[in-house]
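Chain lettering (A, B, C and D) follows the sequence in which the chains are written, and residue indices restart at 1 in each chain.
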Amino acid sequence: MAFVSSGYNPAKPMENRISDIGPRFFKEFLPPVLEKNYGKWVSHEILEPGLLVHEAESGDKVYTVRVGSARLVSTEYIREACAIAKQYCDGYLRWTTRNNIEFMTPSLETAKALKADLNSRKFDKGSFKFPVGGTGASVSNIVHTQGWVHCHTPATDASGTVKIIMDELFDDFTNMRMPAIVRVAVACCLNMCGACHCSDVAVVGYHRKPPLIDHEYLDNLCEIPLAIASCPTGALKPGKTDLPDGRKVNTILVNNERCMYCGNCYTMCPAMPLASGEGDGIVLMVGGKVSNRISMPKFSKVVVAYIPNEPPRWPTLTKMVKHIVEVYAANAQKYERLGEWAERIGWEKFFELCDLEFTHHCIDDFRDPAYYTWRQSTQFKFTKHIEA
Amino acid sequence: MAKHPTPLLDQLESGPWPSFVSDLKHAAEVRHKNPKGIELQIPEDVIDDLLGLLEMSYTDGTTHWKHGGIVGVFGYGGGVIGRYCDQPERFPGVAHFHTVRVAQPSGLFYKADYMEELCDLWDFRGSGLTNMHGSTGDIIWLGTTTPQLEEIFYELTHKHNQDLGGSGSNLRTPACCIGMSRCEFACIDAQHMCHTLTNEYQDMLHRPQFPYKFKFKFDGCPNGCVASIARSDFSVIGTWKDDIKIDQAAVKAYVGGEIPSNGGAHAGRDWGKFDIQKEVIDLCPTKCMSYEGGKLSIDTKNCYRCMHCINVMPKALRVGDERGASILVGAKAPILDGAQMSSLLVPFIPAEDPYDEIKEVIENIWDWWMEEGKNRERLGETLKRLGFQKVLEVTGIPPMAQHVKEPRTNPYIFWKEDEVPGGWSRDINEYRKLHQR
Amino acid sequence: MAKHPTPLLDQLESGPWPSFVSDLKHAAEVRHKNPKGIELQIPEDVIDDLLGLLEMSYTDGTTHWKHGGIVGVFGYGGGVIGRYCDQPERFPGVAHFHTVRVAQPSGLFYKADYMEELCDLWDFRGSGLTNMHGSTGDIIWLGTTTPQLEEIFYELTHKHNQDLGGSGSNLRTPACCIGMSRCEFACIDAQHMCHTLTNEYQDMLHRPQFPYKFKFKFDGCPNGCVASIARSDFSVIGTWKDDIKIDQAAVKAYVGGEIPSNGGAHAGRDWGKFDIQKEVIDLCPTKCMSYEGGKLSIDTKNCYRCMHCINVMPKALRVGDERGASILVGAKAPILDGAQMSSLLVPFIPAEDPYDEIKEVIENIWDWWMEEGKNRERLGETLKRLGFQKVLEVTGIPPMAQHVKEPRTNPYIFWKEDEVPGGWSRDINEYRKLHQR
Amino acid sequence: MAFVSSGYNPAKPMENRISDIGPRFFKEFLPPVLEKNYGKWVSHEILEPGLLVHEAESGDKVYTVRVGSARLVSTEYIREACAIAKQYCDGYLRWTTRNNIEFMTPSLETAKALKADLNSRKFDKGSFKFPVGGTGASVSNIVHTQGWVHCHTPATDASGTVKIIMDELFDDFTNMRMPAIVRVAVACCLNMCGACHCSDVAVVGYHRKPPLIDHEYLDNLCEIPLAIASCPTGALKPGKTDLPDGRKVNTILVNNERCMYCGNCYTMCPAMPLASGEGDGIVLMVGGKVSNRISMPKFSKVVVAYIPNEPPRWPTLTKMVKHIVEVYAANAQKYERLGEWAERIGWEKFFELCDLEFTHHCIDDFRDPAYYTWRQSTQFKFTKHIEA
């Protein structure tokens, strides 16, 4: 179709240029009851899963209905959400920091009707469009990343793994039977754009093969010294190699033994891809948290070093995640986050209760701090691992 | 009939969770039907080809996006992520498939009308696919071609009063929790602060001048609903200094079971009768609370302000009145040296518009980091390399025991030459007078 | 009259704690008087000169001993520390002042007769000054001259059936707690094991063949009275597997205040009536105990065997019957890379004479460390450099969650080539078939 | 005096040589009641400070009297201890792992007489020779090192600092009013032969000036590459210098900014002394422990970065140690070790209660693990440090 100009003049890019105006001012977009009571809220309550009420000093109340969403959404989907907002909420809506959508209204009646309406909307193959839930001691939506949909470094997909995990944990999205909130995150490579590193359950894609060198093009595509310097383990050095056609070229040589497949070199140099259908997969980390509630924030810990990529529905992954969440739900105390529970019972007990194999991969060997994760004590519990 | 068969992706249409595959297929259909008769500026097949390419990834287990690609809008060093697929012949609709990061409003509130305007623009000049929202916080528009980038920017700024977000070695789009808009726990105006500082530092956001990326995030209280402590180089978190306000009658109502604990968050299971001793007093990390004779007391000077008691009894307990922020610095993902959470730099700082005290801290840190930071070194890594002491020096903050969880266990202490009488220069001959060889 | 005035040291004669200055002055006097008419083999003034030299250090705040000095006895690579003073003209009595390390018996028990024999030898051929004992455990004889070293060794071995201890890059003199000789908590025969292994590895003790020093220590139980976890490369600590034995009647007696808590260790202050809930149950690190209806129960599978409850009620609780040892490895002082405590390697191992299982672990570790350890690298440092996984491999111990306090927080996991399908060798042309450049 | 041969023939060192015989077998030296009941002890009790009873399965009892000792002791002193052992204990005695002496007897009466006798023995200037104590919740004897008495690397004295600290804490040696055992250690340099790194109170001598280079002799005395390699911070490099007499010599150059005064280079090379009367002093570390009781073993932490050497009686040091021990005694709970107490109340509170200044020196900046000691949380207590 024909190119339609916006008015932009490529010959004079600075003509009429507007820049540095930033985002829209948020108060334009606040529902009136929120604007009126801004900073004057006094309490809240979750009336039902996915339905919150907040009460202000003025006595005003606002009811919020929260729904799950895939995050990777089309304008069609957004338009439908907007239409709902117009129908029930004077045309206001928001997203949460975990990709849920929130609809707010000052009327409980409206909220209830809204909830019913939202839960009734489905895609043609039957999945919910706007499942209500994600509040309180539930498994909320998954914070995640691009995966095979848009990124160049993933070792797994994000949208797909999110879909299958949420399918598996769906009841716990719409329900609040967990001991505490359960935050799941997916990142498709060690860059961890999903900030998995502090999640109750973190699903991280990663490579397990050293980079493959495209010797023929490397010297053209990359700054060899920069790529070499980027390797945190010093696994790279400059070298020369003979191409099949007899040409001798400058290239980079990889000491495979020292490579930890982090992909840093690939970020600097496209001639060093790591992706491999047979090598790539997922590392499962659990027990992180962000809030300062009771215990200080915690990093997630590696409990399953490798789960193969099994698209489209990653059965091993979903089974493991589900199992860990169930064991946690059955054993932890009220208010206890997954990591707090594991620390209370001891990680050896966690592995036993969750029936996980403890492999050498779970032992830290990255730099000096590794030492502090080993056990400098005779305090431990006897578990079946010791019989082994 | 779909352009490319997607037998694997089709399996992601079942199950209860919203299926992005169903959504994409539906969107592709609408795009073909084009009921509004839009003069599509990028290939009509863009979504079909995306699905086809993705099916290929699902088949061979690898990505089919090529490495990077430097595209953008004039004068900005960020806001667009270039992307090209490695199978352009088979999937020409996604041969170019760049991302546009649109700066989101603080707190992610929208008017439907405005959202729809944006959708119109994106259907017209892009794929119509989005992420609501990116992990940093932006509205992410997935998939357009290079020629459309300036057009999109022009329309955004001229028609929608809307700028791009960050990428590259820039300040990244700051983000915040919902804060005062709807949360009774907010100790600072996270949304306003986020908006104000975003605007204050537009230049840093759009023009790369840092060693690497830099992120602000603002949490209204220590619950951390925007996870600032985990994912921002500069984390501002609301807190308070004085007593937690206690409504003793409401405490009794909780004890009596008249109000559900934790705002009803645990209603999905029968946890038994609320037990204030077990559920609050014993779980307080500092054990600074007591409940005796029907009266709850908190020993403020031992309170960590962890929020637990307030979270459990939000109708009985309120954050104090002397409010401000804690500033923590240095969080980042694992690449290269392992993940970091932010470390406490300023225990308490006033946080009122225009936030001058906070800006001063930011600018001192930037001046130093721009000077000392290596290429691709996040603030946290600079801190690790040069020592936490350095950031205290450049911000003029005195060292406090609050800066550490525990003091150092090694006695490898550096002294400055002027701290040690006589300094470093000594005379070997003087020494030898007392110590024969 | 003292040979050298010592106004500063004299100030260490007051105060209640035994004054080494008074002792030394007295010993110097006796040496001059020489009532037994000993044919002193080193200068009569040795103690006077030591006091003089020390006074000089007290005055100028520095040591007056020169750097090292390689002296020793023939065929041994350790057992003697050479020492020369840097003021030999002023203090000729300590111009040479070497240390002899005499191997102590396990548990530091002596017969007075034997001790006196040793004193006779040391008065005759040395300064008469000692350390009872050195930090590693040896009897330390402080101060003799080079020519006396072989003489002392000859007399020790020929007349006293007594060998030297360790120094240098050797196995160092092993040490143990008092254990079964007088302690009801001993789960292993620490003294016997210490003696047996010391003799087994005499060659390692006397002839340098390691990258650096190596220390064994043996604690009878997790109380750690010889601090093995803090100061030995190879720490053996008694433990058990089965139930703690409970004498319920004695528990009641504690609860009733009839027996003082913790063996009377807290008698110096009135801590109030014994409260089993507060003092035992609540302090149990795993909360695996309960006291209900006058009955104490322990959930063994959750017990950490931390000893607390047993320490508090030694007449009511006894360690279990299935006894053995935990082995931890790698402790060391801060030089060079920071201090380490030993890390758990073998959670449970039989520990019966002849200790074959334990020897196997030791020898596997040595073989590996002698191969891989760098010069002056302690075992703990080798572990840190090469990873804990390595020591599991060489000892054939399967990885267990017990090895860690927590699993790794970084996903920087090394794989062995044979663990990953297809291994490391790949073909770029195959890759390019699916991924265009 | 005349040389007296032992029988050793220097010309034939291997003649009649006996070697590798190890230490004496300990059972030769066990008091009969211990030998009889070896491994059959069932319980113990501390009857009075310094007086223990142990009971065996057989019903036998042994009474132990424990006394403090300077560790640096003369044969005269040992002979006196032996004489006491002969008088009261059938000629048996032992030392503890912390340099105390123990006398054992099966008779309580004898033990009491012994205790009185021991406490009555004094040096001529009045200090006790054999002060009874060191049991239970007391401050026991100080584990320590050589200091200026014998070592080449000390930054302070050991015997002297031990004497003055024990003088100051003497009442708590003979008394059991502490919340738990208090273990003090002294090491005279960072080699920490006293294993201070896990002590309730650790007094560590250290240098604060980079090495002084004896350029004239360095190349003769040292292997330059070895000395350079020994520096953990990379502060050294090879260089040349001009001597006053005009000669040019190979030497080592120190980057003073990178030096942390650890003395490693001096261990390798005598031409690089660090000792300095004005620079050297003491770093005070607290809160370590070794036992696995309740909490896992802990490292000691730096709480006072520098206390000057003030021989002969180090008044600042003793005052600080005494003060910390007193504050601990007044505030900790029964059974709580110093480090457990500090962790429970938080180190910021510890500094406040103990009136210690928190300086930049207390913040870890040594290698990657330093990060884990910073505070990644909003959890902290407001103390007077924050007002500052």
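Please note the rule applied: a residue touches a chain if its C-beta (ideal position, glycine included) is under 8 Å from a C-beta of that chain, and two chains touch if they have at least 3 such contacts.
On a predicted model such as this, the values are computed, not experimentally measured, just so you know.
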Applying the document's contact definition, name the chain pair with more C-beta pairs in contact, B-D or A-B. A-B
For chain A and chain D, let me know how many angstrom lie between their CA-based centres, rounded off. 50
Measuring from the mean C-alpha position of chain B to the mean C-alpha position of chain C, what distance in angstrom results? 49
Averaging only over C-alpha atoms, locate the centres of chain A and chain B and give their separation in whole Å. 13
Where chain A touches two or more other chains, by residue: 190, 197, 262, 273, 275-276, 278, 292, 296-297, 299, 366-369, 371-372, 376-379
Among all residues of chain C, those touching at least two other chains are 60, 62, 64, 66, 222, 229, 237, 285, 304-306, 334, 337-339, 341, 405, 409-412, 435, 437
Among line, ring, star, complete and other, which one matches the pattern of chain touches? complete
Quick check: in the complex, which residue numbers of chain A touch chain D? 292, 296-297, 367-369, 371-372, 376-379
For chain D, which residues are in contact with chain B within the complex? 190, 197, 204, 206, 208-210, 212-217, 256, 260-262, 273, 275-276, 278-279, 283, 285, 299-303, 305, 343, 345-352, 358-366, 368, 370-383, 385-386, 388
Residue numbers of chain B touching chain C in their complex, please. 60, 62, 64, 66, 86-88, 334, 338-339, 409-412, 434-437
Residues on chain C engaged by chain A in the complex (per definition of touch): 222, 229, 237, 239, 241, 285-286, 301-306, 326, 328, 337-338, 340-344, 347-348, 380, 383-384, 387-389, 392, 398-415, 417, 420-422, 424, 426, 428, 431-432, 435, 437
